[in-house]
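The same chain A turns up in both complexes below, where it pairs with chain B and then with chain C.
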Partner chain A sequence: MNFGPLIFLAAFFGLTCSWFGFVLTPQFQIGRLEQTNTVPSGTLYPVNRPGLARQGLGIYRANGCAYCHSQQVVQTGTVCDVVLTDAGTNQEPLLVALRKLRPSLSEAEDKDLITGLPKTVRQGLAKDEAQAMVKTLIASGAKASVWIVPVGPDLSRGWGIRRTVAEDFLFDYPVMLGSQRVGPDLANVGVRLADPNWHLSHLYAPRSQVKDSTMPPYRFLFEKRRIEHARSPDALLLPSELAPEPGYEIVTKEEATALVAYLLSLRANEPLFSAPVSVASAAPATTDTNAAPGAVNSATNAPPVK
Partner chain B sequence: MTSPSTQPAASAPVPANLATTVSEIDFSCRLPLLVLFISAAKWLVIGWVFELIASIKFHSPAFLADYSWLTYGRVHAAFANSLTYGFCIQAGLGVVLWLLAQLGSTKLAQRWLVTVGAILWNLGVTVGVIGILIGDSTGFVDLEMPGYSAVLVFIGYLLIALWGVVTFHQRRRRRLCAAHWFLFTALFWFPWIYSSANLLLLVFPVRGVAQAVVAWWFSDNLLVVWLALVGLGALFYFIPKLTGRELHSHYLALFAYWMLILFAGWGGIPNSAPLPAWMPALSTIGTVLFLLGVVAVALNLCETTGCSLSVARGNTFLPFFISGLLAFALAGFLRAGLALFDVNQSLHFTWFGPALKELNLYGFFAMAMFGAIYFIMPRLLGVALPWPKLVRAHFWLSAAGVVLLVLPLLLSGFVEELKLENTNQPFLAVMRSTLPFLRVSTMGDLLLLIGHVLFLANMTGLVVGFYRARAQATYVDLTADLFKTAGARS
Partner chain C sequence: MSAELTQPTTDTDQPMESKRPVPVWLLVLLFLLLYWAMVYFDLHGAWFNERVYAPYHSFDEVVAFQPPSGDADFIQKGRLLYSANCAVCHMEGGTGNPANGCPNLAGSEWVSAPGPGRIIRIVSKGATGPIEVNGKVWTTGTMLAIGDQMPGDENQKAENIAAIISYIRKTFGNNASLVTPEQVAAVRVEIKIKTTYYSPEELKAAPDK
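So, the complex of A and B:
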């Protein structure tokens, strides 16, 4: 009997298993992903990038930026902080409670803590421990809350405040998550480095902004031209060793402007249900105080790992 | 296909009642395979020039920075595509066609159409690489060639593969050997993955990160599954043939085949990906289970050679296959290790990833193809290699090149990972600490480039020698009468 066709079909089915698993099935799950709401403020996320930034995505694609820069922030876990938001009217029981919760610290430090709230009482706790602590503080008449703080080496480097999730790339085409990090992760570069002029100078001459940078210069995104009447307002301000000869200026081409617009639009930092994180503006009690947002906790002030 | 209980026929003698002689089979393969192999050798040299340019940029970032088409991201993609589509798949197709004709003792079907297919394929890759250089890259890794070139590439492939299937069907020796299974499946698998990826990423793009999943799936199926199908098919034919021994176990080879097609296609999705957790988890499971296949291949071929490297001594071709086998096994273990121990780590973001890719692509596949092409080409043309000693030189240059290219990058990956875990180390300082490793790997690239020039020289020399012999024969034929008449007069 000739089993040929049967074996052929079996082999083909074996091979297409991975096709069903990784090509077809994801279409029903992430292929139908919709905008989601941020937690707790409830705004729609993500919104499509502005037109210039979408053009910039094309420049990012054409020049293969993704071979050296990933857009995947890795999170190894979550810890909880206990944040005291309001000391209440009677501070004596609170101070007693704080003594118990932070036996290693002096009384003066506790007194210092309850001025200029909100402030972090303890960092890097497990969820249950933090919740118990909040309960104790609330029982003493104060107001306190648990803050969710994602942790991991990438977050400690300030590359983001939470892991990246599928929603962050909902409207992008092509999606370039990157596979290698020859340069830093860019998932939040728009938050981290918000100055367009920094980016333009950095693209033209990376070492003008980052000493010993290994990034190649992208001088072809700029144009050197003679100053006709007056210096263009868009001309790059460069240190003397990089500046062109007198009478000339370096101006950005459209590509460079678009690329920078794209880089500035990379802000994967909204708190989402699937990637919870507490941010200053999201904590209800802190919104009506005069404390600077992020004074307690922010991307630049991430807690130590574990 | 007949039942899997058939015995290996690779080393069995051709039955006497078969009218088609080996030389006729080789003649039918001559033209298309010449086009495929010479173009493949040419792409290898072109690709390595791109790679050297890209490599130099790590030591001097401002090198050629004023030319958009020579920027790192474009040159690197041009290199990767020249190597994968220009060399690997092209050389692989040539080897598949020859093996199918040879194993079936039948002539290659429709050699002119296969030649047209080969020309279309090369046209497609040329247009694609130029497309990448002018900034039309698709942005999907290993599928960078723009849509307009993908059409040419796809039609070219179909033209070649179709007649490969017909050649398989027309085989006169009906028995199937292990190599058949691998090679025949490879012919079918590429159109499936290439059309899926092109349709879902370029023609009707899917939404959001689903693109990334499809791209990872394609990349893994091309570089791990397809290359393994063809490369292992070649190893299962050539190692028994060159050592003059039977394949140790036909069934173990088929076991490896099933492991390969069932599990290898699931790999490639890293744990860091912003995806539902089941995807990276499944990917890890698939990669680790594929180890069964890797071990089966290694055991089987190791037993076939008697588990000693001495069989390769004195043989021109065998060292290529043996080193290919070693690289295949090593790459399999490293891949599984990376998938297993990479949970919450970022080893795959370091140079470890590219090193692994090169080990599989070059150390395993390209080496096996070199051996096969050196073996096949002189038989097609009926002339000997012009510089047989250069084959040895090419082997040692390639072997040393691969070690110098891959080993420093693997080490650098570990060092990088350890340093990045400590977040007090500034990122740039960590990156700069990998530069010494990159310098060594550039040396590896240089050795490989020299090896490729030798390879191309030998191939070109072979063709020139063939036409010279032909011209001389024609000259002798034409002038024979002249001499005769001259002799009669005097």
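So, the complex of A and C:
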């Protein structure tokens, strides 16, 4: 009996199902993504990367950075914190309410808690629980709010404040998602490590910045030059054991400059509708419309934990 | 000739696999898998909504986790909307522009009135002069129905208008109360059928609450 047509049909069916599942459905789902607005401040996100950073994407790709670095932050859940923002005028009822919410604290600690606001009163709650506590605090005359905090192993490593979503890569082609993490995730590296000189030294000699780094040095992105008249302002400031012999200096090639510009433009941390997160309320009005995207840094803006 | 070859051979003599029905356990397993897939999709699929990512399971859950917006965020939103919709005529600083007859918002009694009823009407439906602002009469300008022309449904319009009005009531040296989307929505219900621009007389007749 000739099974040829049956095998052909089975293979055709299998490939068609894959095509529908992996090509057509995602195309319908996120194929027409547009710029979105941050929530709640409403600024446009994302903005296109600067030209130099877009060139840097090519360098990132050419040097295979994506083989060891991912750009996708995973979030496993969302919890709520209760943040006290204003103690109000009459503090007695507030102290009573706080004693109920934080039975483990002494009276003196409670008094300490309501100075230097805003402060986080309770952490890691479910949404309903946090809302009930905020209601209790507001009823006692204070001002408090629910603080949305994404959680997950990646986030506790300090790799960002929220998961990455498709919008983060809207202007990237190709998208450098990466699949392995020999090195740390880079979706937020521009926020974590905002110093271009750090990145240049790290590319030239990774272990000069990170002690146990397994990253290979990318010295071909730099060039050793004889100092003609004066030191170049772009020359790397290296420790003595890495510095070239006297009369020479290490300067960056265009590739290194572009790559660092790209790394600094990786700032997937704006609060979006699809990835809600609380950040300190919108910065005071500025006229600088060319400001780098995602100038909000949770590490410095989040209220201190008590 | 050997004995075997003398035997007549036909197709029917060759060994054939007999037809056997698909085992019942396999069918049961298939349907169980299908059922599990349905349940899994129901719990995690969110109907392919592109705005729902893990760890969220449904659109409602994403909505529930939106951070509450403080006053500062609301005013910031108003600032962006003002820049996009109003600043062309009223200027970024709210100074107004005599060249096209747009009155100032800075220090304007229409903007900073104790009740926002009239400014909500102006922003929603537009206004046409001559209108007196701070003792100066502006004759030539006409303001279009910016609020009605905003994109989005009625709720979004009310929220955007409230953000703009809150912004102009708090900046340019003005310091009046914030306006909530509910206040705007309530006024907009009353003036739903109006199709013309407001005149100062009509505005003064309107309740300033």
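What we mean here is this: the second predicted complex is superposed on the first by the 271 of 306 C-alpha atoms of A that agree within 3 Å, B and C clash if a C-alpha of one lies under 4 Å from a C-alpha of the other, contacts with A are read in each partner's own complex, and residues count from 1 in each chain.
What we mean here is this: a contact is a pair of C-beta atoms (placed from the backbone, for glycine too) under 8 Å apart; a residue touches a chain by one contact, two chains touch by 3 or more.
What you see is a predicted model, and the numbers here were worked out from it, not measured in a lab.
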Query raised in the report: Is A:Pro206 contacted by the first partner chain B, the second partner chain C, both or neither?
Result: first
Query raised in the report: So, does A:Gly42 touch the first partner chain B, the second partner chain C, both, or neither?
Result: second
Requested in this report: Could you let me know whether more residues of chain A are touched by chain B or by chain C?
Outcome: B
Report task. Answer with first, second, both or neither: which of chain B and chain C does A:Pro118 touch in the superposed model? Result -> neither
Query raised in the report: For A:Gly160, is the partner it touches chain B (first), chain C (second), both, or none of the two (neither)?
Result: neither
Query raised in the report: Of the partners chain B and chain C, which touch A:Gln29 in the superposed model: first, second, both, neither?
Result: both
Requested in this report: Quick one: classify A:Gly190 as touching chain B (first), chain C (second), both or neither.
Outcome: neither
Requested in this report: Figure out whether A:Gly56 sits in contact with chain B (first) or chain C (second), or with both, or with neither.
Outcome: neither
**Report entry** Footprint overlap on chain A, where chain B in one structure and chain C in the other make contact
**Finding:** 29-30, 33, 76, 152, 163, 165-166
**Report entry** In the complex, chain A residues that touch chain C
**Finding:** 25, 28-30, 33, 39-43, 75-78, 127, 145-148, 152, 163, 165-166, 271, 273-279, 281-283, 285
Query raised in the report: Quick one: in the complex, what on chain B touches chain A?
Result: 1-4, 57-58, 61-63, 65-68, 71-74, 76-77, 135-141, 181, 185, 188-189, 192-193, 196, 200-201, 205-214, 216-217, 221, 225, 258, 261-262, 265-266, 269-276, 279, 282-283, 286, 344, 346, 348-351, 353-354, 420-421, 423, 427-428, 431-432, 435
Requested in this report: Could you please specify the touching residues of chain C with respect to chain A in the complex?
Outcome: 48, 50-56, 62, 64-70, 72-77, 79-81, 171
Query - Touching residues on chain A, where the partner in the complex is chain B - result: 1-5, 7-8, 11-12, 14-19, 21-23, 26-27, 29-33, 61-68, 70, 72, 74, 76, 152-154, 156-157, 163-177, 179-184, 206, 210, 212-221, 305
